[in-house]
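For reference, the structures are reproduced in the following blocks.
What follows is a pair of complexes built around chain A, which joins chain B in one and chain C in the other.
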Partner chain A sequence: MNTIPAEYYLILSAILFSLGILGVLLRRNALVVFMSLELMFNAGNLAFITFARMYQTISAQVVVFFVMTVAAAEVAIGLALMVEIFRTKRSIDIDQMNSLKG
Partner chain B sequence: MNLTLTDYLTILPAAFVALGGVLLLVVDLFIPQNRKGITALLSAIILAGGLGTNLALGGAAFPAAFNNMIVLDGFAAFSNTVVLASGLAGVALAFQYLRRLNLERSEFYALILFSTSGMLLLNQAYDLIIVFLSVELLSIPLYVLTGLARTVNNSEESALKYFLLGTFASAFLLYGIAMIYGATAHTNLPSVVSAITDQKANPTLLLIGAALIVIGLSFKISAVPFHVWTPDVYQGAPTPVSGWMAVSVKAAGFTILLRLLLMAFPSLSTSLSAVIGGMAALTMILGNLLALVQKNIKRLLAYSSIANVGYLLLAFTAYSNPQIASDALAATLFYLVGYGLTSFAAWAVVTSMEQAEGRGLEIEDFAGLGRKRPLLAAAMAIAMISFTGVPPTLGFWGKFYIFRTAVESGALALALIGLLTSLLSAYYYLRVVVVMYMKPGEPEVTSDPWVNLLAYASAAGTFLLAFFPGSLLDVAARALIKLF
Partner chain C sequence: MLIVFIVLAFVAVGTAISMLVTRNAIYSALFLVLNFGTVAILYLILGAPFIALSQITVYAGSVVVLFLFVIMLLGAEKLPGGEPLRWQRFLAFPLVILLVVDFAVNINRLGGTLALIDLPPRGYGEPVEIGKVLFTQYALPFEITAIILLVAVVGAIVLARPQQAGVSRRDLYKRDTQERK
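For the complex of A and B:
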């Protein structure tokens, strides 16, 4: 049976991680930044699953469930914060978050 | 897998605090709105209980529990004590403050407990997955606490900034852990160590993983160049939250960073110690330079905490020099205690000066404090002198021991940078003292018994413990005996 080599998955995961970093650094909408952060988390998950298949262990696959749970908790907090900010500022553009500086 | 009693005893401090937090949320429903002091009292009791169990168990040497996931050694127990004590201090800072500023939301105390349990688990983590989970457990409640004063623009803004950058850091941490797993096929610290010593690990993946983990944790302890969020968050967050997290998050972050680097990755010291040394130098220089120009006291203290992280990072000079590693660890624990006491003295005075969200926080607002409230001003003066590192204060001894380990491990340049930047820091710390005593003014000060008590006790501790530095260092060193 032909299977896709593990390296391909790792390369894909590295690309996803880099795209996530670029998104965080370049995009200005807090929601899009947050989506890029989720991309980085999922790149980590993909790497975990790939290694778990390479080493034939189950424990690293369980880790992914933990990470997904944590990511869900972060979504809840992050979206709540953004809704609050949108109520006061009518915008979630990061460049307008400039009342604190110095 | 069979769980024994020692397994449960090992996580008892963290479990006690976490379960206490859950119960507190429920119990709080039955406490009427005008008697929320009971909630604060209950949270303090839970923290004190956690402290008690930690001190009772800390002396016993348990083997690592839950299949080597969690460990309660002397090192973890010492940091646990720092974290739990600063949790108590945080509750003392917050109680009247929240009521005075109309921020009284009783979830505050439960969130402090949850975050504290995350820090305790981080101190005790023996598996990289536990590291990730406990970092998240400590961070997520902190994001909420930072935005506690919602509808106030500054607080919301700082919460979003902290959230985005904190999650960014967590993503680095997670990817780093995945790489370590890829290199060694384990996430468990002892297994990772044995895979590395048996030369079974892939060196490239290992280095990438360790570097990503260092980046992720450097965000949490706010080392330069990953410090940008710190001043904004400390300024925007409610003052008790800033004061509390300035101490406890750094204690937990340094504990795990030291544990990981000194225990798991000593083989990478040649590649990583130069990077961390550079980070220490940058953190000392930039933290102190940027503090020079601050007018807001919360921002000043934020940059001061960054500068202190720089001094703490000097402990990693022992990284390439294992025979003094335990000296460096003892010096770090000593410094953390001194830094914690000094910080709480300063933040307690700032808390009683703040009259409304963001009002009363310029350094000029402290004018006349020396005449109006001589004791509070004395506490602030001791804190500033201790931050500068002038004897007889704990800050002096902390720097002395840290610089000594740096010199012993041959990092003369770094120790010199530390000395010079300490001299520089005298300018902005002593400016606060000068404003308090020399400038005439009528400061508005609230008299809050708990905050006063905290200010006096921490300042007295900073001053009096400085006469017995050796015995405190002995306590720290004894905590580490079984570590190596």
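For the complex of A and C:
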């Protein structure tokens, strides 16, 4: 038994993506929300790699590489914003980020 | 092969759930490392060794270390107080279950047309092949990614800089020169 149906990978990717959405919806800690975002990126990448394997194309792997790069940049900016918000608000509770300008 | 996949899938889903459930953000980050590791092994099985290793270095390496740094810097492992919006939870769970069912139905509908995935052919997904495609067909997007990273670095430095750093630094410099005189 050396084969795995591609559906299994796609369903795993869907479950991971949904868990990421759940984290974004439920958690109040902004850092955990960011981690859930990374989880969703990861699930999308897994689906991409699965399709790359299915169609034997290498381009999808290159796209996944780009997604990773952009995600890394996004994390750097996001965490810098988080530090800045913590400096003004003294908290990273998302429920408290309810006013503009300070 | 199937057994390996099932074990990895369970570990991935389990670590994702524990990441969401734990109250301590540091444990969340560590569960995230484990999750990235298992997904990297899945990439290896799918014939993407280059992506698997960049997953380890970029995500499990730098991104999670950045998370841990920020968590420890802010001391934000735990938030005080309970959940003020309980009704959100009752709304979120059914919606997410609906989403999973929707995904599953759609994937099932594709069922017959999707391939069986066996061991990848030799040489598929090697770094050499990816490099060839990356630097010929995708050379322009590659350069754009470089600019995005540069912008991100500059933006992160500008955002995380202490307030009025330039002024104080200039004052320091002024004081220093006056002392020298």
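We adopt the following convention: the second predicted complex is superposed on the first by the 98 of 102 C-alpha atoms of A that agree within 3 Å, B and C clash if a C-alpha of one lies under 4 Å from a C-alpha of the other, contacts with A are read in each partner's own complex, and residues count from 1 in each chain.
The rule we apply is simple: a residue touches a chain if its C-beta (ideal position, glycine included) is under 8 Å from a C-beta of that chain, and two chains touch if they have at least 3 such contacts.
Remember, predicted model here, so these are calculated numbers, not experimental data.
Novice: In this superposition, which partner touches a larger number of chain A residues, chain B or chain C?
Specialist: Partner touching more chain A residues in the overlay: C.
Novice: Going by the contact rule set out at the top, does A:79 touch chain B (first), chain C (second), both, or neither?
Specialist: Touch status of A:79: second partner only.
Novice: If you stack the two complexes on chain A, which partner ends up touching A:66: first (chain B), second (chain C), both, or neither?
Specialist: A:66: touches chain B and chain C.
Novice: Which residues form the common part of the chain A surface touched by chain B and by chain C?
Specialist: Comparing the two interfaces on chain A, one with chain B and one with chain C, the shared residues are 10, 17, 20, 34, 50, 54, 59, 66, 70, 73-74, 77, 81-82, 84, 92.
Novice: Tell me, which parts of chain A touch chain C in their complex?
Specialist: 1-12, 14-23, 25-29, 31-32, 34-36, 38-39, 42, 45-46, 49-50, 52-54, 56, 58-59, 61-62, 64-66, 68-77, 79-84, 86, 91-93, 95
Novice: Mind listing the chain B positions that touch chain A in their complex?
Specialist: Interface residues on chain B, with respect to chain A: 129, 132-133, 136, 140, 143-144, 147, 150-151, 153-154, 156-161, 163-164, 167-168, 170-172, 174-175, 177-179, 181-182, 185, 187, 231-232, 235-236, 293-296, 299.
Novice: Under the touch definition given earlier, write down the residues of chain C that touch chain A in their complex.
Specialist: Touch residues, chain C against chain A: 1-2, 5, 9, 12-13, 16-17, 19-20, 25, 28-29, 32, 35-36, 39, 42-43, 46-48, 50-51, 54-55, 58-59, 62-63, 66-67, 70-71, 73-74, 76, 79, 83-85, 88-89, 92-93, 95-96, 99-100, 103-104, 107-108, 110-111, 114-121, 124-125, 129-130, 133-134, 137-138, 141-142, 145, 148-149, 151-153, 155-157, 159-160.
Novice: Per the contact definition, I'd like the list of chain A residues that touch chain B in the complex.
Specialist: Within the complex, chain A touches chain B at residues 10, 17, 20, 24, 30, 33-34, 37, 40-41, 43-44, 47-48, 50-51, 54-55, 57, 59-60, 63, 66-67, 70, 73-74, 77-78, 81-82, 84-85, 88-89, 92, 94, 97, 99-102.
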